[in-house]
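There are two complexes below, and they share chain A, which is joined by chain B in the first and by chain C in the second.
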Partner chain A sequence: MAVPTVESPRSGRVSPAYSRTRSSRGNFEMGAWLFMRLSGVVLVVMIFVHLWTSLVAGDGISQVDFGFVAGKWASPVWQVWDLVLLWLAMLHGTNGVRTIINDYAEKNSTRMWLKGVLYTATVVIILLGTLVIFTFDPCPVIDGVAHVASYCPTA
Partner chain B sequence: MSTPTIEKEPASKVELPAGVGGGEIPSFDITLKVRRYNPEVSDEAHWDEWQLTMYGTDRVLDALHKVKWEHDGSVSFRRSCAHGVCGSDAMRINGRNRLACKTLLKDLDTSKPILVEPIKGLPVEKDLIVDMEPFFQSYREIMPFLITKGHEPTRERLQSAEDRERYDDTTKCILCAACTSSCPVFWTDGQYFGPAAIVNAHRFIFDSRDDAGDMRLEILNDKEGVWRCRTTFNCSEACPRGIQVTKAISEVKQAILTRKI
Partner chain C sequence: MPKTPAGTLYRGREGQWSWVAHRITGVVIFFFLLVHVLDTSLVRVSPEAYDAVIAAYKNPIMGLGELGLVGAIVFHAFNGLRVIAVDFWKKGPRYHRQMLWGVVGLWALTMLAFSIRHLSVVFGGH
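Right, the complex of A and B next:
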């Protein structure tokens, strides 16, 4: 004889809009949270050193031109410094905007589109930035015309 | 030896002459505006307002009672104990989540209308009554009960005063949902576990007698778990029991981190 069961009076009552569809039990969100804090601390130091060397030390802001940048990147120390700064700042910012999208977009489809745009922009900027750091030419020749500044070797 | 007993009326039944006894309670006029919603009449919510003469000892709940009992019996709200323990009457009073039974009218700005709305982020069923099921669903998911391993002891499970102190703050929760429904992250889509669930997980995670802390930490290490907390402190500000909710959440975050690393 089947035992009659009484259904829980509340069963199935939670509005489907509130039920967590699938649980992601990875550690991604924890990693992202930790990365934000660690990269934030590192960025505060790196950004202020960057600002000081570019804008305060030496002749200050008037010294900044292609030649100044090329001079800085002639040293591998500044190449690595700026590379780390670029990657950390971009990933830190992207992760911040990602959480803002998660918090403010209400539909999963909106989230997907906004994050798609965000990640595309991030990848393009990081790749371009990395390329420039290692291939920067302060005296470019464009369409056969040499853009010669005072610091460029005269042909 | 017995003393002659004189039949005396209990003090509560003695009529005091005017001017004797406690001081006069000051009275004042307020405007109470209540957010009304009745899906059987209209899909649109609207504001109703009443002019009431209230006393210095009255709370927002007393004003709601006065409206319901003397002006409009259709005004709907939850309340059970009416003394700040059952957690039934959390509502948005002048834009802040409060218990109606703990908010004295004299502490509000009575020169302006007092706005009373249902708590945000949960589906409104009627007037100030919301569907609390999504809130309790998250509460159930964190397993808010003692889980132990090994043999059942023959006596009660003893605990040192220090071990008890560790999670004392989070035992105070009355599940009124004032915190969860004040959380902007919860407002977005209602997927976040919410402060109340994390507070009640904290109560068992840091209980030395409980053995399922790891399971609860794993549950809260979810995409919608503790990492969605933005430390805006809305929950700590809203809690009628004064629980340091944001602190409890960050302690759970740290516990997850130290466990993983």
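Right, the complex of A and C next:
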């Protein structure tokens, strides 16, 4: 008669019934934790450059107007810079606020509602910002009137 | 029945208060980010609409608000690097307190320099 054997916990072949991480979410929370640190390092560098170019260099805040944005986005480098900044900052911020909601909202329904609002805002803002960067026109014609600027062709 | 017993206070000192400050500055920055994407999106409405709203950022009260915002960002950035050091550097947990004073010191220096630059633009009358 065969003696029934129980696998050693370290055999790597533990029955799913005894697994401590049962959910299919897998390592989502660990991934989120790691994302905060990786994106954080990138964001420190990118946001400091962003603040330097708009608030310190040149004439500081007083230089910021439509022409300033047009000048920046004339270069694909700044387009990509701002696009990466938008996505990383929004995802980093959304995950941070998600953590705070999970910590302080005790009722299940409250948590679901708050996170629903949060995720909706995140999707809207990321899509809006991405569209704006890619469809930006430095010399728009609005109601038949062309925008007048030194960098625009004179018709 | 209250869920938490009355009269208790967790006295976590530097570690706890830097955690609180990290949360508060993070939320402040996040809400500004939402507004910032919305105001920048006005470049797709018209140059006049964008310039009109951005003009609001140039008055002295908003100038002080920007100083506060940059202060929040700089703290969150430096303290975030400290959190990473605590998590990944072998001696991080042992020196977390000293690192916090480093964060506060660097923050003060950065903000001193930025205040001189930014306030001279905001109040200097360009």
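Methods note: the second predicted complex is superposed on the first by the 112 of 155 C-alpha atoms of A that agree within 3 Å, B and C clash if a C-alpha of one lies under 4 Å from a C-alpha of the other, contacts with A are read in each partner's own complex, and residues count from 1 in each chain.
By definition in this document, a contact is a pair of C-beta atoms (placed from the backbone, for glycine too) under 8 Å apart; a residue touches a chain by one contact, two chains touch by 3 or more.
As the structure is a computational prediction, the values presented were derived from the model and not from experiment.
> By the touch definition at the top of the document, which applies to A:Ser62: first (chain B), second (chain C), both, or neither?
Second partner only, chain C.
> Classify the contacts of A:Met30 with the two partner chains as first (chain B alone), second (chain C alone), both, or neither.
Once the two structures are laid over each other on A, A:Met30 reaches chain B alone.
> Tell me which touches more residues of chain A here: chain C or chain B.
C
> Considering only the touch criterion stated at the top, classify A:Leu128 as touching first (chain B), second (chain C), both, or neither.
Second partner only, chain C.
> Considering only the touch criterion stated at the top, classify A:Ser109 as touching first (chain B), second (chain C), both, or neither.
Neither partner.
> Does the superposition put A:Gly93 against chain B (first), chain C (second), both, or neither?
The answer is second: A:Gly93 touches chain C but not chain B.
> Touching A:Pro140, do we find chain B (first), chain C (second), both, or neither?
So A:Pro140 only meets chain C here.
> After superposition on the shared chain, which partner residues are touched by A:Val41: those of chain B (first), chain C (second), both, or neither?
second
> For chain A, what residues appear in both contact lists, the one with chain B and the one with chain C?
Correct list for chain A: 106.
> Considering only the defined contacts, which chain A positions touch chain C in the complex?
37, 40-41, 43-44, 47-48, 51, 55-56, 59-62, 64-67, 69-70, 86, 89-90, 93-94, 96-97, 100, 106, 121, 125, 128-129, 131-132, 135-136, 140, 142, 147, 149
> Which stretch or stretches of chain B touch chain A in the complex?
So the residues of chain B in touch with chain A come to 123, 131, 133-134, 137, 184-185, 188-191, 218, 221-225, 227-228, 230, 253, 256-257, 260.
> Okay, in this complex, where on chain C does chain A touch?
Per the stated touch rule, the residues are 3, 23, 26-27, 29-30, 33-34, 37-38, 40-41, 43-44, 46-47, 50-51, 54, 57-58, 63, 66, 70, 73, 77, 80-81, 83-84, 87-88, 114, 117-118, 121-122, 126.
> Chain B touches which residues of chain A in the complex?
It is residues 10, 13-15, 17-20, 23-25, 27-30, 32-34, 99, 102-106 of chain A that touch chain B.
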